[in-house]
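The structure is given below, and queries will be raised subsequently.
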Amino acid sequence: MNSSGHQSSLTMYLLVYVAILVISALQILIAYQNIDAYRIFIRMLLLAIVQAGLAVTFFMHMRSEKRTLALFLLPAAVFVLAMMNMFWYDSFRLLDMRPFAH
Amino acid sequence: MGKIVAVTLVLITIASAVPILAHKWVPPDDISTHGYLIDEQMSDTMVEAGICFVAAQMILAAFIWMFSNRKPGDKIRNFPGGAMGLVIGAFVLVGLEVLALGFFGSKAWAAIYFTPPSADALPVQVQAGQFAFYFRYQGPDGKFGPIHPDKINESTQNFYGLDMDDDPASKDDIVTAEMGIPVNKEVRLLMHSKDLGHSFYVRELRIQQDFVPGLDLQMHFTATKVGRYEIVCTQLCGLGHYNMKAYLNVMSQPDYDAWIKQQASMQ
Amino acid sequence: MGQTVWACSIAIFSIGQLLGSLNFITTTLDLRAKGMTLMRMPISTWAWFITSCIGLLAFAVLLPACVLLILDRVAGTSFFVPSNLVVSDQLITQHSGGSPLLWQHLFWFFGHPEVYIAILPAAGIVSHILITSYRRPLLSHKVVIYCMMAIGFLSYMVWGHHMFISGMNPFSALVFSFPTLVITIPATILTLIWIGSLYGSNLQITSASLFALGFISMFVTGGISGFFLAQPSIDVYLHGTYFVVGHFHMVMGVAAIFGMFAGTYFWAPKMFGRMMNETLGKIHFWGTFVGTYCIFMPFHYLGLVGNVRRYSAFVDDYLAPLMPVHKFITIAALFTGAVQLIFLYNLIYSRFKGEAAPDNPWKATSLEWTVTSPPPWNNFGGKHPVVYHDPYQYGIESSSGDFVMQDSPERIQTVRDDKKLP
Amino acid sequence: MSEAHLTVGGPSGVETQEAPAFAISHKKLVMWLFIISDAITFGALLFAYGYLRNATTDWPRPFETSSVINAYAMTFILVTSSFTMLVAVRAARAGDKGRAITWSFITVLGGLIFALLHIKEWLSLFGEGLRLFANPWGSGLFGAAFFSITGLHLTHVVGGCIAITVVTLGYKRGRYDQGDLEIGGLYWHFVDLVWMFVVPFVYLLNIKH
């Protein structure tokens, strides 16, 4: 059924597991730091992407699948999510264009 | 049958092109300072689109005429240049056209939207609601009184929710149902919606902008011709939508002064 | 209430479409017959595959949008409802802070790919039928597929062109305008290949091919009016007028329906085992084709004059002189609608009383024509077809005439793209 | 170019079908595609949340340290259950049916504990006055965004618990094989992955300072 014969070792899983938990703890540390919200957000986003990457690569066995699977799936999702960033322009506009402010 | 298809296509193409070529169906005369950009862009696009339309339909018709139900002995032939020729041709020609249209279109857009209004522009506030527009002028003090949405009441004619007792700035505000502006003077339009999405469309001014609830939008324009023009709502806003309209009255400066005085006395 | 039910139904529809896409994509990728490599798949199958990929990603956005809308309507949240609204002199106090623009973004993020979800299957069906009636392959099989892919890809970058005047940031309008114009390129290549392949072909006129040719004409007409609407500066004038209605009805509405009609005439013999009446089919085509132009071409003129859409009546305004045009359109629409009854009659009559269909009435090459009409249980009756050829081997000398079925083990000189034709 | 392309006829192998494109079972491909689609669903929801949060000036930041500890505990349990799922799939691959079933059920148990913790947290926030449309701290959008995002995630967790239970029971009776268990695991890891984005953006960006 599954032709990807490669089996990750349990130690590898454990390492990834610990790494994910450590990153989660790291995020909490960042959350309590006294820097502006945008920087907190960016750091958290990067860490979350690293976490997700670890989960996809190891837990979800993307590493041992054919490369084409990753090339078929991931760019699609990343592309669509990247395009949604066009929303932000309007979100910022709402801030200073709320009515009845004057 | 193929030949009938071809002839029909040619006839449809001609019938479609004639009204355009006859200049019968054109936008009403432009009365704004920025409208010529849109009109020029429109006629440029019309030329390119018209050529593409006629050419494509005619070639399609010609090929259908030539190649439908041929004699059994006729050989299958290939289009000269093959697919690669067509692809490269399309890339170059359409690409250039797209770039040109996009570039000039952007310039027109930028001229309209990326230029700030001048400092002495006449501010006019417009509020869209089901199913009417109301306009507000600052009056002599040059200030708009604050809007209190909870005080909006159609039956007492307090369309803007003004508090006449506590806000001194509101006292001389002039609220009208018709928009009067002086000719050749820049107008800064402050737009907000009272309830839901509406739109502000004046064909002659080449202006259209949706009202978005929860968003204060601004536009500025200069009308160059005296006259009475229709303002319509183009967003479906309810059962009375077809009846939602107001008039834009472009007047000479003395006429405008008299008009605004008369409106002020009616408040 | 009605609108809540509508939102619920759209949410359920999104889930349905998602499951359908999963099915199509996986079936296409994993369950192909032996020898049916991806590039040997007919263009219609490719179009369905690309459509499913678009749908998989686009409907995923519509689903949460609908869920949020339902919450707004039912549970009192205010994702899309801003503060301080006044309806019938009543201040709406229980909502605050949302943004209708967010709904527009989420909706059109799905909405524009959806346009291609509607048109690409028609383009695929039409390509398939055109090839069969041209009796020659298209100039390039691959380029058609790549163009469809390009259209699918670009469809996610252009949703803002529905929102040029919606209060969106004017800067984004420029960003959205360019990819919108760029979509013209693959669309033009598709059209040029359809028309260019007609050159030197041996066109067979049938009801199906008439509708396919009509599709090209509609696609061109509607596509070209896209030039206008893709530019924000012109859209300022044309948005909200009949021009938009004419544009999308031509290119997405009627063109897609022409694809469906063509497909029905083409595959009905296979589905039901009975031929549809060709004479009635041709009458149907003429009525629909001419009728459609009569309806939607004047829409463009009305739009150019500035006739606004979404009006049920025009009261005392300068559009009154246009009323004869509206009357003409109404009569044309009633006529075109009536013509569809011929199709309905044809479909039902032929289903029961039509003349029996041979296995391969159109001398087509793809696998569905290798089985009996209607197909046996399990499509291939338990046998597994093996594919030996590219999908469109027409215009050649073989034992079966000018074509070779995909599963025929006959040795032929393969027609591939434009290389082999003299 | 005119190289004569000759296709040779005649039946060849015994295979009746082209090899799957990605060398994985089609069930697994369906799950992958579903995950991609679902990721975009969650993405759109998070974008909507970000859009509104960005545009709101009185966005509340109500989460106390205890909430953050609770969120981390939830993360811990969900990631651990992901890990136990891996162990279960490994055991199933190695043919150790009993162990695979045990670890699968431990995974389901983890999911249930997660759901319980989540509901407990919801209830305590509810007790503090947080509603779907209002809260005592600031913009009413907070509750809407919070409950819709975590609610959708919770639905996924509960659905995953049910799915894995069904698959494990089927696996026990021989109705499903280890491939199906692996697909269940794939989904479970995805639920975990979504939580990795929910925690920082929904919880950690809204802590009390």
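We call the chains A, B, C and D, going by the order they appear; numbering starts again at 1 in every chain.
Note that a contact is a pair of C-beta atoms (placed from the backbone, for glycine too) under 8 Å apart; a residue touches a chain by one contact, two chains touch by 3 or more.
The structure presented is a predicted model; accordingly, all values stated were derived computationally and were not measured.
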item: Maximum centroid distance from chain D, chain identifier (CA atoms); value: B
item: Approximate Å spacing (C-alpha centroids) for the pair chain A, chain B; value: 42
item: Gap in Å, rounded to a whole number, between the CA centres of chain C and chain A; value: 35
item: Inter-chain centre distance, chain A versus chain D - centres from mean C-alpha coordinates, in Å; value: 13
item: For chain B, residues that touch 2 or more chains besides their own; value: 149, 214-215, 217
item: Per-residue multi-chain contacts in chain A, two or more chains; value: 76-77, 80, 84, 87, 90-91, 93-94, 98-100
item: Where chain C touches two or more other chains at once, by residue number; value: 57, 61, 82-84, 98-99, 101-102, 105, 109, 167
item: Chain-level touch network, classified as line, ring, star, complete or other; value: other
item: Chain pairs that touch, as defined at the top of this document; value: A-B, A-C, A-D, B-C, C-D
item: Complex interface listing, chain A residues touching chain D; value: 1-4, 7, 10, 13-14, 17, 20-21, 24-25, 27-28, 30-32, 34, 37, 40-41, 44-45, 47-48, 51-52, 55-56, 59-61, 65-66, 68-69, 72-73, 76-77, 80-81, 84, 87-88, 90-92, 94-95
item: Chain C-facing residues of chain A, complex; value: 76-77, 79-80, 83-84, 86-87, 89-91, 93-94, 98-100
item: Touch list for chain C against partner chain B, complex; value: 81-87, 89, 91, 98-101, 135-136, 138-140, 143, 165-167, 170, 173-174, 177-178, 181-182, 184-185, 188-189, 191-193, 195-205, 210, 213, 216-217, 220-221, 224-225, 227-228, 230-234, 236-237, 239-241, 282, 286, 289-290, 293, 297, 301-302, 304-306, 308-315, 317-318, 394-395, 417-418, 421-422
item: Residues of chain D touching chain A in the complex; value: 21-25, 28, 32-33, 36, 39-40, 43-44, 47, 50-52, 54-55, 57, 68, 72, 75-76, 79-80, 82-83, 86-87, 90, 93, 177-179, 182, 186, 189-190, 192-193, 196-197, 199-201, 204-205, 207, 209
item: In the complex, chain B residues that touch chain A; value: 144, 146-147, 149, 192, 214-217
